[in-house]
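In structure tokens below, several structures.
Consider the two complexes below, in which chain A is the common component and chain B and chain C are the respective partners.
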Partner chain A sequence: MKWETVIGLEVHVQLMTRSKIFSGDSTAYGAAPNTQACDVSIALPGVLPVMNREAARLAVKFGMAIGAEINRTSVFARKNYFYPDLPKGYQISQYETPIVGRGSLEIDPGDGPKTIGITRAHLEEDAGKSLHGSSGDFTGIDLNRAGTPLLEIVSEPDMRSPAEAVAYLRQLHALVRYLGISDGNMQEGSFRCDANVSIRPLGAAELGTRTELKNINSFRFVEKAIRYEIERQIDILEDGGTVVQETRLYDADRDETRSMRSKEEAHDYRYFPDPDLPPMVLEDAFLAEVKESLPELPHDRRHRFIEHYGLAPADAAQLTNERTQADYFEAVAEATNAEPRTACNWILGELNAALNQEGIPVEASRIDSDALAGLLDRIADSSISGKIAKDVFSAMWNGEGDADSIIEARGLRQITDTGAIEAVVDEVLAASPDQVRQFREGNQKVIGFLVGQVMKKTRGKANPKQVNETLRRKLDA
Partner chain B sequence: MHNRSIRDLARSMARGEYSSTELTRHFLSRMADAGDLNAFITVTGDQALEQAAEADRRIRSGSAGPLTGIPMVHKDIFCTAGVPTTCGSKMLADFVSPYDATVVRRLAEAGMVSMGKTNMDEFAMGSSNESSHFGAVKNPWETSRVPGGSSGGSAAAVAARLSPVATATDTGGSIRQPAALCGITGIKPSYGRVSRYGMVAFASSLDQGGVLATSAEDAALVLEAMAGFDERDSTSLEQQVPDYTATLEESIRDKVIGLPKEFFGDGVEPDVADAIQDAIRELEALGARTVEVELPNSEIGIPCYYVLAPAEASSNLSRFDGVRYGHRAAQFEDLIDMYERSRAEGFGEEVQRRIMIGTYVLSSGYYDAYYIKAQKLRRMIADDFTRAFERCDLIAGPTSPGTAFPIGAKNDDPIAMYLNDIFTNSVNLAGLPGISVNAGFDRDGLPIGLHLIGRYLDETTILNVAHQFQQATDWHNTAPGGYA
Partner chain C sequence: MSSINSEQVTHIARLARLKTDEEKSDYFAGHLTRILDLLEQMNRIDTESVEPMAHPQDVHLRLRGDHVTAESRREDYQAIAPLADNGLYLVPRVIE
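Coming up: the complex of A and B.
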């Protein structure tokens, strides 16, 4: 039988606020345990939550970016369960009325664009961390993370393959970073994913029984975990069994999922509206202000890069994946006389290679956009060749100065003097009678060898176009 | 000194007739002598004398406010930095808060001297102060009887003149019912008027801090100091607190008092009904007019309350899990066992009963039938009041259907206990202000409370009417025998 996979994703995005969602504690990562846990975070008797409006602002920003309905009035609810790192014995979340309603996200898994529905996105607080075996037989509790604002983004079951799931996640990851609402750091847990996976006979209308996969915190693991789970479910069904609705944990070390709790063991969270927090009302002025602050979205920017700068669609997509990179490109393109395509190639090529080598983001680049524009100008005005430019780039990266001073200091300026080039060409032709004969017998390819000889003699500084022209002129004579 | 109003005491201290230190010593010694009432869980004598000494400096330097140097006590539900806050529970028997509740801080800033923490029903759940882990409080009018609850310790302390005034909280009647049963004045302001920050939560949408005092004037003075917007409480109101004392002396001529026929039915003890009728005649003699109003849904107040309050409580009390603070069982097998044993040992019977009710009504499959339904009823009850207030300025009736009952009498019958609050519950459900003032005594010499209910945010009217009633009568000045 042919099976169809159905995947829906729930993504928890940590919002980039300075303080927690319901208290003034810092949200900075990596502090000593329980040093960012005030009276509210540790849930002392009598403390009360106060909503951080910045978290709402970031959530609305996301909602607007996916074209979603924004609920003018949203309600916080308590999700009740006991766990040692959940200090109040309930998590403040949103249940019936989330801040962000239905929206969508366009993805391109490689075989053309596809729209994935987003059911909702709601605000909630994170729990603390349980540090098992941290001190002898005891479990340590670190409440620094407790109360950190999260946006839980729930997709429709619109994905049909692990590749689509990954494409959706990547697109979402790029978007939240682009919007500046999250750093998206997966190692630090700022971007976490649970997957709902089911299979059904191809063409069936009804959904199969789903399992929920937890703890899949990298793009690679998402793909592997879902792939494993699909195989597992197909095996069960093809053996005549039935899939059990349950929560399963992905074990990256063993590359398998295993049962965590069944539907019967599932918590009854006893959601009810939190009486400590009045419904959150978003005024028109607030929404207008957020809309104003919205950057040009990746989708729109991609199209503009294709139209305005004449970039290839794939290049435009890659550039606009990260807002800072797209900003860098635009700055270079505006400052240089070189073609925008050249700027794009240099950024996606040399610059990205150098950045990746050092593992730094573009905003920390050792060559800023003006400096790169300066280098590209020298290519555009034929002062240096593209090949020489790569050496200049390396020198710039190593802090030897701007393009002009390096070109000057190393005497790299291209030889464009016709007389000088002719002299070297004559020298080469005289020393290569065999090649000259071959050329005249019709073997046009040997011109490459002759150009190479000229370049070698000029240490690469001769203008290649001029060399080519001069050689042809003399050989045809 | 212990039968005088706060204004009198402040005047005397300003004149140098006695100091706050002397006043504080006087009350501390009365507290020590009245130990059999069991009104206190913690007495902070040394700290009180330090605060009194500081108050005396302020008085001498001429920078005293109206409350500077006045001794008081806090219900043990308000968190006090460095002083135990038990909430009447074994669960918090050893808990010391690192911070002050907003109410505690504001009264300290006003210069009041805190002498200790009063006994209360465990987590404010009760109407007799018998559910306290620290034992029952006795009614100073008759020590075999209950003082009411949950603020029984605060009420007994003020009634016995052990403290001029006390803070208290009211979720379904916990200020007004003990005020009635102890023959004093107790006001629960409108929901949102007083910050709940630092008040251990029972039912968040109903809990409200207030004052127990011997007179409406004293209550007005203290309420004004503790009320007002608090940025730490999202349910506190960004509203200017009226100058409550400024309007106390105004005539109540032409004030219209609504009398709901539902408050004068068969369930009310005859002595109580008679005393309330007398009190209403007294108010009419002062120029007020009366009009009959209807509160048709008042009979559903109790069931509605006993769904919503336990629902919120079941969640609010989840933080008491033995993990970070509070009671933790000495022996346990695993995490779940630790939770179960710690909570089974730490919570008393009534608290456990309400946690179970609350958990049940919120659980999947029952939520709509109970919680959602109760929320709808709550809206209907509030609408009843709104309609009634179209025809009157305030509503009057008995605070409680009966007077103080014998200790132990209703312990085995939770429903009979819950019915104590039949007239007060609905006021919390509607978020309205209410006050209870002494309006006489039954045939056994036990006090009877007159309940005045105001429009939302209108504490001014009920304080004004209560004060005028007290100017015309002497009930509030009558202290229990042995404590005069």
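Coming up: the complex of A and C.
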């Protein structure tokens, strides 16, 4: 039987606020345990939550970016369960009326664009952290993270393969970073994913029984965990068994998923509106202010880069993945006489390689956009070849000055003087009788060797196009 | 007519971490069923044009600015905690 995979994803995004969602605790990562856990965070009796405006603003910003309905009135609800890292005995979340309603995200898993529906996105508070094993027979609780604002983004079950799931996650990750609503740091838990996976016979309308995969905290693990789970479910069904609806934990070390029995009975959360928090009503002025703050969205910008600058779609997509990188490109493209495509190639090639080598973001680049534009100008006016330009780039990266002063200081200006090039070509032809004979016997490839010899003699400074032309002219004579 | 049986009472009590026994469960099952009867009566009222109420008072949520205002009072709080060590609150071992 042919099977179809159905995947829906729930992503928890930590919003980039300074303080927690319902208290004045700092949200900074890495502080000593419980030093950012005030009376609200540890749930002392009698304390009251006070909502952070910025958390609402960032949630609305996301909603607008995915073209979603924004619920002007939304309600906070209590989700009741007992766990030591949740001292109140309930998590404040949103249930029936989330702040962000239905929207969508366009992904490209490699075989053309596809639109993934987003069911909703709601605000909630994070729980604390349980630390097992360090304190003998006890579990240690750190409540610094308790109350950190989260936006839970729930997709429709629209994905049909692990590759689509990863493409959606990457797109979402890029978007929240682009919008500046989250740092998206997966190691620190700022971007966490749960996957709902089910299998059904190809062509069936009804959904199969799903399992929920937790603890998949990297793009690679998402793909592996889903792949494993699909195989597991197909094996069960083909052996005549039934899939049990349950929560399963992905174990990266063993590359398998296993049942989390402890949570099986816990799915009765008894949600009800939190009496401590009246409905949140967003005013027109607030919504207008958020709309005003929206940057040009990656999707729109990608299309503009293709139309306006003539970039290849894949390059435009890569450039607009990060807002700072897209900004850098535009600054270079506007400042240089070189083709935008050249600027794009240099940014995605040399510049990214240099940045990656040092693990720094583009805004910390040692070559700013004006400096790179200056270098590209010298390629555009044939002062230097692309090959020499790479050496100049390295020198600029090492702080030796701007492109012009390095070219001058090192005497790198390209030889375009016809007489000078002809002289070297003659020299090379005289010294390579074998190759000249081979070329005349029809072996066109030796031209490469001869060009190489001329470039070597001129220390790379001869204009390659001119060298090629001169050689051919003389050899054909 | 909906009703609540004593198994349901036991289940809810367990979720809420309340201790109960058979006798008490039967007792509460009877009481809760009477409350449901009342809700049944209310369900007969036409509420088509009434917006569901999320809060008894007609007030909106007040929003605060995003400022860090809390300072660490860990020592004070851990002094009244049943158990704490190395800055962590300690609870009986949780096995996942």
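Following the convention adopted for this analysis, the second predicted complex is superposed on the first by the 453 of 477 C-alpha atoms of A that agree within 3 Å, B and C clash if a C-alpha of one lies under 4 Å from a C-alpha of the other, contacts with A are read in each partner's own complex, and residues count from 1 in each chain.
Definition applied: a contact is a pair of C-beta atoms (placed from the backbone, for glycine too) under 8 Å apart; a residue touches a chain by one contact, two chains touch by 3 or more.
All values reported here derive from a predicted model rather than from experimental measurement.
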{"item": "Most chain A residues touched (candidates chain B, chain C)", "value": "C"}
{"item": "Touching partner for A:336 - first (chain B), second (chain C), both, neither", "value": "neither"}
{"item": "Partner chain(s) touched by A:260 [first = chain B, second = chain C, both, neither]", "value": "second"}
{"item": "Partner chain(s) touched by A:26 [first = chain B, second = chain C, both, neither]", "value": "second"}
{"item": "Contacts of A:80 with chain B and chain C, given as first, second, both or neither", "value": "both"}
{"item": "Contacts of A:43 with chain B and chain C, given as first, second, both or neither", "value": "first"}
{"item": "Partner chain in contact with A:278 - chain B first, chain C second, else both or neither", "value": "both"}
{"item": "Which of chain B and chain C A:88 touches, first, second, both or neither", "value": "first"}
{"item": "Contacts of A:365 with chain B and chain C, given as first, second, both or neither", "value": "neither"}
{"item": "Residues of chain A that lie at the interface with chain B and also at the interface with chain C", "value": "39, 42, 44, 50-51, 80, 82, 84, 141, 268, 270, 275, 277-278"}
{"item": "Residues on chain B engaged by chain A in the complex (per definition of touch)", "value": "78-79, 85, 87, 92, 95, 97-99, 101, 196-201, 203-205, 231-235, 311-312, 314-315, 317-321, 323-325, 335, 339, 359, 362-364, 367, 371"}
{"item": "Touch list for chain A against partner chain C, complex", "value": "17-19, 23-26, 32-39, 42, 44, 50-56, 75-76, 80, 82-84, 96-97, 130-132, 134-135, 137-143, 260, 262, 268, 270, 273, 275, 277-281"}
{"item": "Of chain C, residues touching chain A in the complex", "value": "11, 15-17, 52, 54-57, 59-70, 72-74, 77-78, 83, 85-96"}
{"item": "For the chain A and chain B complex, residues of the former touching the latter", "value": "39, 42-51, 78, 80, 82, 84, 87-90, 141, 268, 270-272, 275-278"}
